[in-house]
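After this come two complexes, each holding chain A, first together with chain B and then together with chain C.
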Partner chain A sequence: MGLMLNLRKKLRFILRLFLRKDKVRIGIYGPPNAGKTTLANRILRDWTGDIMGIPSEIPHETRRARLREGVKIQVDKKTLTIDILDTPGLATKIDFHDFLKYGLSEEEAKRRAKEATEGVIEAIKWLDDLDGILLVMDATEDPYTQVNVTIVGNIEARKLPLLIVANKIDLPNASPARIRAAFPQHQVVPVSALKGINIDSLYRAIAEKFG
Partner chain B sequence: MPHRCTKCEKTYADGDIRILKGCDCGNNRFIYVPKEPKERKIFDFEEVKDKKEISFKEIGFGIESIKIIAPGQYEINIEKLLERDEIVIALQENGRYIIHLPSLLKKKKGEKV
Partner chain C sequence: MILDNVKDGKIVVLESGLTPEEQAKLIELTMLEIDHEKFVGIEVETYPIREKSIFEKIFGKKKGRLMVIGPANRLKTIEKREDFIRAIVEI
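Our next item is the complex of A and B:
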């Protein structure tokens, strides 16, 4: 089984050599409530006029991975076509009690917890089929978490191109510098996906990194 | 030095005259200590012991990718999920496990969404 997986990876690598730059599949990853869906919506709205999903203040609103194919991004007269995958938030602990305070019934909260757990598995399985990662972090939170450190380490091990998006810079206590200090080996792009602040820098970085 | 004094634990080489006369401490009882094999044994034992402890840690605390603590309460070992294909679910920490063997390879790309 391991051998087949290896073969698959090798085949994908060879295919990627030939197919690269025409179309890249980028996954948006990060902890819950970092603004992944808001960022996916921002990208889609800017380039297709569409949206990916409805964000929510309740954590784990996105519990299935959503793929939008063929989004054309134009940077400096160069066009890059990307597939965007919005993924459920990665967490190490999911407890239905946390959802009760948002007015969900116990049954709903338990179902949400179960689906969110399945969502984490789905998000991780998708890593095998991606060409690049946008790792979204909430710039108002401490970036040095188990989820962030683990996922950055694993993406490095997979040799997948990675851009860290320091989101929510419109909030007064946001500190993208803290994220930069935590992961100095990676490019960090500070943005506000909600307000669209500095979003052009992100598109430029996407074109440079994944194009 | 295979002869060890049973009192002061001083050791003497094979054939040492003091084994016949008595130890410096006045004691005249010695225990024969076969040097090489015994030391090797201690070393091997320690090595095995270490290995056991490591594997215990792996089995005892780390094989689960997901722990179901109670309905609606989950603990997810992201590191394990990232590293392996199979998913090991611990049911309410009572020693029962579910192993989900990878259905990944059977899946086609399109089926994931």
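Our next item is the complex of A and C:
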């Protein structure tokens, strides 16, 4: 089983080296409340006029992965077609008590927690079916979390192309430099997905990295 | 086995850590075990894997680093840097 999985990963890596695909499937990953859905909405709004979902201040608002296929991005007269996967936030613990302070009833909080655990599993499973990853981190938070370290490690082990998106740079205490220092081996693109700040640089980086 | 011990309230120390894939598997299994009453998840303390040496790249040997895994309600990370972790353990 493990051998087959390893062979599959190696085959996908070799194929990626030799085949430039017209269409790539990109997953948006990160911890809860990093701004994954806001970024997915920004990309979709800019290129399709649509949105992926409604973001919320309550953690684990996205509890099922959502896929939007065939989004065409144009950078420097080149067109890249991407499938965008917005994933539930990854976590090592989910305590329903954390949701109560947002005014949810105990029943709602427990249901959200249960769905969130299923979402984490789904997000991890999707890693095997993607061509690249946008890892969204909240630039106002310490990037050296176990979730971030685990995601980066898994992406590196799968040899998937990775762009780290340092989100929320519109906030005064944002520090993309802290993210660069934590993960110096990867390209970091500072943006505000909410305000659209530096979003063109992200599209250029997407075209270069995944195109 | 790790998760069974953590669910029993024990703090597990692994001298050579887990690979990233094993860590992802541990998170998946943890999510399946969360019962929303007694067990709400795990806290994992580990150092990131260092850049592989040429020898490790050629022969594919992975060198893990110390890893501490405990129940989320007893272990809490305070600060983490490349070679430094500060955490609180409730005994």
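Assume the second predicted complex is superposed on the first by the 191 of 211 C-alpha atoms of A that agree within 3 Å, B and C clash if a C-alpha of one lies under 4 Å from a C-alpha of the other, contacts with A are read in each partner's own complex, and residues count from 1 in each chain.
The criterion applied here is as follows: a residue touches a chain if its C-beta (ideal position, glycine included) is under 8 Å from a C-beta of that chain, and two chains touch if they have at least 3 such contacts.
These numbers come from a predicted model, not from an experiment.
Q: Label the relationship between chain B and chain C on chain A in the superposed model as either fit or clash.
A: On the shared chain A, the partners clash.
Q: Would you check which partner chain A:129 touches, where first means chain B only, second means chain C only, and both and neither mean what they say?
A: It touches chain B, and chain C stays clear.
Q: In the superposed arrangement, does A:93 touch chain B (first), chain C (second), both or neither?
A: So A:93 meets both chain B and chain C here.
Q: For A:48, select first, second, both or neither according to whether it touches chain B, chain C, the two together, or no partner.
A: neither
Q: Under the stated touch criterion, which partner chain does A:175 make contact with: chain B (first), chain C (second), both, or neither?
A: In the superposition, A:175 contacts neither chain B nor chain C.
Q: Now for A:120: first (chain B), second (chain C), both, or neither, which partner does it touch?
A: both
Q: Based on the superposed arrangement, let me know which partner A:185 touches: chain B (first), chain C (second), both, or neither?
A: After superposing on A, A:185 lies in contact with chain C but is clear of chain B.
Q: Output check: A:145 vs chain B and chain C. Expected answer is one of first, second, both, neither. What do you get?
A: It touches chain C, and chain B stays clear.
Q: Could you tell me if A:66 is touching chain B, chain C, both of them or neither one (first, second, both, neither)?
A: first
Q: Considering only the stretches 4-12, 22-30, 40-48 or 76-84 of chain B, report the one that runs into chain C.
A: For chain B, the clashing option is 76-84.
Q: Shared contact residues on chain A for chain B and chain C?
A: On chain A, the overlap between the chain B and chain C contacts is residues 90-96, 110, 113-114, 117, 120-121, 124, 127, 146, 150, 154.
Q: State the interface residues of chain A toward chain B in the complex, per the touch definition above.
A: Per the stated touch rule, the residues are 1, 4-5, 64-67, 90-97, 106, 109-110, 113-114, 116-117, 120-122, 124-129, 146-147, 150-151, 154.
Q: In the complex, go through chain C and note every residue touching chain A.
A: 19-21, 23-24, 27-28, 30-32, 34, 36, 40-46, 48-49, 51, 72, 77, 79-82
Q: State the interface residues of chain B toward chain A in the complex, per the touch definition above.
A: Per the touch definition, chain B meets chain A at residues 65-66, 71-79, 81-83, 85, 87, 102, 104-105, 109, 112-113.
Q: Can you list the chain A residues touching chain C in their complex?
A: Residues 90-96, 110, 113-114, 117-118, 120-121, 124, 127, 142, 144-146, 149-150, 152-154, 156-157, 182, 185 of chain A touch chain C in their complex.
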